[in-house]
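Below is one structure, written out as structure tokens, with a few remarks after it.
Residue numbering begins at 1 within each chain, and the chains themselves are lettered A, B, C, D and E in the order written.
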Amino acid sequence: MDAINLSSNVDWNFIEEVAKESGQNPSLCYQCGNCTAGCPYTQYFDYPVSQVMRLLQAGQKDTILNSKSIWLCATCETCTTRCPCEIDVAHIMDTLRIIARRENRVSEKDIKLFYDTFLDSMKQFGRIYEVGILLAYNLKSGHFLADSDLGPKVMSHGKIHFFPKKIKGRDKVAKIFERFQDKAKKHD
Amino acid sequence: MSDVAARELRIVGFLCNWCSYGGADTAGVSRFKQPTDLRIIRVPCSGRVDPLFIVKALLNGADGVLVSGCHPRDCHYTDGNFYARRRLEMLKRLLPFLGIDERRFHYTWISASEGGKWQQTVTDFTKRVHELGPLHAKKEATP
Amino acid sequence: MISQRLREAIAGVFSEVDVALAYQQGFDKLHATPCFMTMPEEINKLIWNPLCVHNLTSYLPSLKKKKVAVVVKGCDSRTIVQFMQEGLINRENVVIIGIPCNGVISVNKVLHETNHEPIEDITFGENGEITVKTLKGEKTLLLSDVCPDKCKTCQYPTPIVYDRLVGDPITSDKSPDSVYADIKEFENKTLEERLQYWEQEFDRCIRCYACRNACPMCICQDSCIAETRDPHWISQRATLSEKFMFHMIHALHLAGRCVECGECERACPMGIPVNKLKRKINLDMKELFGYEPGIDPEDKPPLYTFKVDEVTIKEHKI
Amino acid sequence: MIEREYAYYSGCSLEGTASEYDASMRAVLKELDVNFREPDDWSCCGSTPAHTVNHVFAAALAARNLALVEKIGLNTIITPCPSCMMAFKKAQHGMTKSESFKNEVNELLDEPYECGVESKSALQVMYEDIGLDAVSQRVTHALPGLKVAPYYGCILNRPPEVAKFDDPENPISMDKILLSAGVEVSDFAFKLECCGAAFGVVKREMVNQLTYKVLSMALDSGANCIAVACPLCQQNLDLRQGQVNSTTGSSFNIPILYFTQIIGLTYGLSPKALGMDKLIVSAEQIIRSRVTVEEMKKRTESEAQVKAKKPEKKTVIEEAKPEENE
Amino acid sequence: MRVGVFICHCGNNIAGTVDVAKVAEETRKLPGVVYATTYMYTCSEPGQEEIKKAIKNENLDRVVVSACSPRMHELTFRRTVEKAGLNRYFFEMANIREHVSWIGENKELNTNKAIEAVRMAVEKVKQNKPLYSSSFKINKRVLVIGGGVAGMQAALDCADGGLEVLLVEKSPSVGGMMARLDKTFPTIDCSICILGPKMVDVAQHDKIKLYAYSEIDEIKGYVGNYQIKIRKKATYVDWTKCTGCGTCMEKCPSKNSYDHFNFGVAPTRAINIPFPQAIPKKAKIDPDYCRQFVKGKCGVCAKVCPTKAIDYEMQDEVITEEVGAIIVSTGYSLIDIERLPEYGGGRYPDVITGIQYERILNASGPTSGHIVRPSDHVEPKTVVFVACAGSRDKSIGIPYCSNFCCMYIAKQAILTKDHVPDSQSYVFYMDIRSPGKGYDEFTRRAQEEYGVKYIRGRVSRIYPKGNKMIVKGADTLLGTQVEVEADLVVLGTAVISNSDAGHMAEKLHISYDTFGFYVESHPKLRPVETNTSGVFLAGACQGPKDIPASVCQGSAAASKVQALFSKDMLESDPAVAKVNINACVGCLKCVKTCPFQAIKEKELRDGRVVADVIETVCAGCGVCTSTCPCGAIQLQHFTDNQLLAEVNAICLT
């Protein structure tokens, strides 16, 4: 890592922004490492979660938002449960993802794409159509064969239905999407 | 001075020497910032606080009164705050009957180590009194 | 007739006591007045009728070292119980002659009914009817219309303590809920209305201290802090805040002790509802501590005692 | 037994790949005389993807369903899927804690949600409301030889201030429920370890490794079956067990049953009704081992007789031996 | 009346946020004030000289110092004015530091507040009356509560100084936590070898009366004259007959009693002597396990006792004693491992606490000093120590550092290597806290000479795998997760106050903090005094501390008692209640409410009954004053008129 100039290269607003949106105080973290110790994903992260917290304390916005770690967090809540400083770490990770998405800097494109596909399905049908999501994701991501090995197993056990269930109030669900998007635009 | 007076309301605090006055000292030593409206009268024990002092203050110009003693069971004089609790509760219920908002009077228990609680109490109480505004605005000018 | 039986009852205990307290005819037909009897022949002065409004027990603490016989109504008897709780009398020095009472009259209300005409005569019928004779003629009133407010909700028509009872015990037919109905109704007013009410009432106070002097529980008398300079609680200035403060001193010194005999209001020349604050506090004492003054000699006034865990007092949040 | 009526929210997974969870859940609840109704026209809870967009948005998607429950006059919702449950509990937590958050959420909704619905997992309802006694009363069959590792997954009871159920480090509700159905459980250290299911499609290798740890720890604990309470966990451990084997070179063959399926088996329900046929790793052996409680009793008695014939070690009531006294 | 006011800058502490010159200027306008000045450090010697000079030159008869909290310097300045010839009660302080300059951000508002604070003090001082102390006799005996190392040190120092000492110990033997330790850091001294002689001294000192297995029921009185009720708990063994031979313990058939001394590392007998060096070395029955009590029949110990000391019918006995001062040295507890569910919460036998490991290491412990793990009694080769197990953990309500775990963990890791040379120890830590003399070198030695692996990070989980315990933690310096397969895990569990610390404080009328540790009079300058005169603190009951600090405090408390007892008479505080017999109407409500039974009724010659205060018993709370309807009983220095003067100074302006 390059040397960080703590006089000029610290984004104080970012610390504020995260604190405000998450309702958590990053200064409470004393870097004990318990979150990293318990995190099932530490080995896949580019920055272990305690370092994400440290980067946050140091106002290193770019490093954090460009990191894979924030997308590989599955919100399993282990960090939050065990934090001795009572910081809701998982919620901070959640907030970082939201900010990264808002600022269009998603390092893990596939994960975001999967989430988007999920939400599209939801917006369209009101509920989730698992097969549809998988197919749409495979198409969009170019991973045409992702989990294709599972297909026969699923089929043979009759675990899926071939048409999406559409709910009557799907327009109402869609409206939630729209209202939210309108509101988000207004804020921009 | 009039400018200053306009920004502040008159809040009288009766604090027992052993716990709450110490708690206010602890808050001070810890530099816990607080609003400046409160004026503190040190008494040995919350049991020394005759409810008439509170009435006197409210009738004569105070906008709020705060009484704080040791936590129940933790009184330096064993039982003083137990008597205080009954008397102050009686007053708390009587004030609205007189037409004085009971929220102008608060009594609580704060130990010498609870600087943080003291800060919170002063801040919240001052805020509340400000929300209620001056008590004496509509009344006769005090002599 | 009750008066006669009362005379007999007092005559029966006269030899045991230094003085007997009862009622005699006052300066006119409308007034009774206390009489202090030390000689047996004085017994014939004694009367009993709804004009006997005074709470004679007020004199007991000052006669603490004497043997006294005293005539009490139900309401008055609560004062004796309260004195016992506070150790202000020696019970063994007092012979209590109790009279069950159906209510007394309020002189002011009678005068109001007769347009303040001088009263020539007043007679009391069997069923609570009162015949008042003035120069303008005769008028019949009902006791229930001209009694003080306390009689309208009286819960204790028969004395709570007595040594001799003259007449048959009466049980109250008034609802217990009615006692503080006026207090609860007052609480429906807005804060501003309440403050305004008290300011108007107290502004009329002339600080004559009649209410204090009439109060059987006001034990300080000459030491009353309303008049001392050490401590110097209030000045003699006639400002509203000083008058207000005087009434607060009176009320708070009676907190959890007032037996609601109403002597303060009867004595007030300005018609200020002096008893109301004390009754409000009594209501709270009942809710908080299940305490009612002047009922059980073994009770303790709630503000002179405490419980380590007060279940009814919740911590207040800001 | 319990008078109250619940709402039931199956959620999208239980309509699809986890239909056996839905079937077994309904069957077991029916056995336990639990009354429930489904809110009309429910929608997806929003799950994890919504939470990457915005907290208010996510809460709104969840709250729409809670509002539907409110509308049909119920105040408790049984939510079999922990992901849905957490979406509901988080919305509820946020909206009751902050008035402004509540207002923001309700601005996105057609009909406002007034925060009057508590979400409970099926485990929570069985453990707290129905009670272990009632669970065990219905048992008619035993499953000899079965030893189950109870797998709670990561979000069933965490974070504690939101979940407000069971111990966040060592939950015991599923253990106790299975035990009261007469099923043996193992001391499973990875009860809560995340299996990675959320990334199943996208990060296959990573997930396979996480799943591997859970499966091997279950074997280590002496279990021959894993009980789950989450459709994502089940799918991940069951459907992807083959992938795990090929990725890591292992050869797991552990049946992954919903805990409701196991309870259903002890209640004598038909394997078909419990959707046993939908499991990828076959549970045939478990089904075949099933015997009635009476039969089981006979077996234990005869085993005890065999034992009794062996001469027992004499127990001597000995006086205390002197201890070392330094 | 001539009031002089001295406004302190306190360097920049006050002057930084209060315009002190303006305060002085406004103060000069107050009626009665003839002199007002500011000074840099009023409490300094020249500052005090200024006051004395002004009293003389300006002919002052009242003094107000506007500075810090009166809890800090009231006594200092009272002495100053007294030296200048004024009665010490013609003095008041206005607190414009803790209550003004340190908490308010706006200088203008602060200045205004300071002016009003001074005005209140001036108005009060004008009402002040001269007060004079009377003196009373002291009972020169001292009670020490708790016989750990701090309490024993205090008891021995007092006794060596010629004072009579009562030492009350809750458990059957003195020695406390230190008696359980194997070695002490950083010297690796044998703990019992250095403590044992002290324990014997305590037992043999003719000035020390030891009440073992006893508790304090009640404390009444005041400095110089306390009445104490001591409950001698039933031991079911007549200690006057018991010789400590141990036969009963050998023969006792109830072998699964919980061993409190060994923290349950191994079971003990229902009748037992807690450890070989116990003082007094007497047996005691644990009725929770004794078959005679549980099942109603057994009687083995009674049969075998050579001196017939067993008495199953024994009852608690309450003894009354009188003392003049009290030293509180009740020690500490450790958190229950159940509060750490992520570390197994006590479910795993091979996850133990530091104090349990201490007993395992100890040659007189249940394993005779052989390191074996509890589950299978096999010698562990990999031992993991977890520091801050519960400490510095806000989520379980313990945000503070437990003070000595870092050090004993280093010691235990070194001892582990000594006992098992082919072992490897790991220490998970957040910070190494080793500020004592030779302490940091000691933790370095653990790493440099004994090869202990220190890993900077917390442990997230401990779980069993096979016959190993998997310790899953982080190495934050590497930025990775780490795992250790351990044979034994030792938790440095957090130090907490005793569960009954609050009750004890209530009996003593001393304060305790949120965590149950007793609060000293001043954190820097009065570390062993409490706010209750005559009660002193020693050891970890005041906060976690190690042996040398505890011993220091024990000696310090003893010297405070010696100083207190160096006089034969004590001066009473004249700020007590006083009755104006002309105003008293004899209603005696004050008698009913006085918490100290300090008011009696008195008949005057004219036959009037009035209230009468027993000055030495009155503690000065003022409950009587707020009870008295006619203002006849007034708490001196806090009279109605004095408080009204303050109220009026705030309100009527």
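Rule of thumb we're sticking to: a residue touches a chain if its C-beta (ideal position, glycine included) is under 8 Å from a C-beta of that chain, and two chains touch if they have at least 3 such contacts.
If you're wondering where the values come from, they're calculated on a predicted model, not measured in any experiment.
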Note the shortest touch-path length, in steps, from chain B to chain D.
2
Of the other chains, whose C-alpha centre is the longest way from the centre of chain B?
D
Name the chain whose C-alpha centroid is most distant from the C-alpha centroid of chain C.
A
Out of A-D and B-C, which chain pair has the most contact pairs?
A-D
How many angstrom between the C-alpha centroids of chain E and chain C?
55
I'd like the Å distance between the centres of chain A and chain E, where a centre is the mean of that chain's Cα atoms.
50
Determine the centre-to-centre distance between chain D and chain E, using the mean Cα coordinates as centres, and give it in whole Å.
49
Chain-centre distance (mean CA atoms) for chain B and chain E, in whole Å, is 30
Which residues belonging to chain B are in contact with no fewer than two other chains?
56, 60, 73, 79, 83, 87, 142-143
Which chain C residues touch at least two other chains?
233
Overlap residues in chain A, where contacts from two or more other chains coincide
78
For each chain, which other chains does it touch, given as pairs?
A-D, A-E, B-C, B-E, C-E, D-E
Counting only contacts in the complex, chain A reaches chain D at residues 21, 40-41, 44, 72, 74-78, 80-81, 88, 90, 94-95, 97-98, 101, 108, 110-112, 114-116, 118-119, 122, 126-131, 134, 137, 146-147, 149-150, 153-154, 157-161, 165, 167-170, 172-173, 175-177, 179-180, 183-184
Write out the stretch or stretches of chain C touching chain E in their complex.
65, 86-88, 219-221, 223-225, 228, 230-233, 253, 300, 304-305
Mind pulling up the chain E residues that touch chain D in the complex?
246, 249-253, 255, 269, 276, 300, 341-342, 345, 347, 363-364, 368, 463-466, 470
Touching chain A in the complex: which residues of chain D?
12-13, 15-17, 19, 41-44, 46-57, 60-61, 64, 107-110, 154-155, 158-160, 168-169, 192-194, 196, 198-204, 206, 210, 239-240, 242-243, 277-280
What residues on chain B touch chain E, complex-wise?
1, 4-5, 7-8, 10, 12, 17-19, 21-22, 24-25, 27-29, 31-36, 39-45, 47-50, 53, 56-57, 60-62, 70, 73-80, 83, 87, 111-114, 119, 142-143
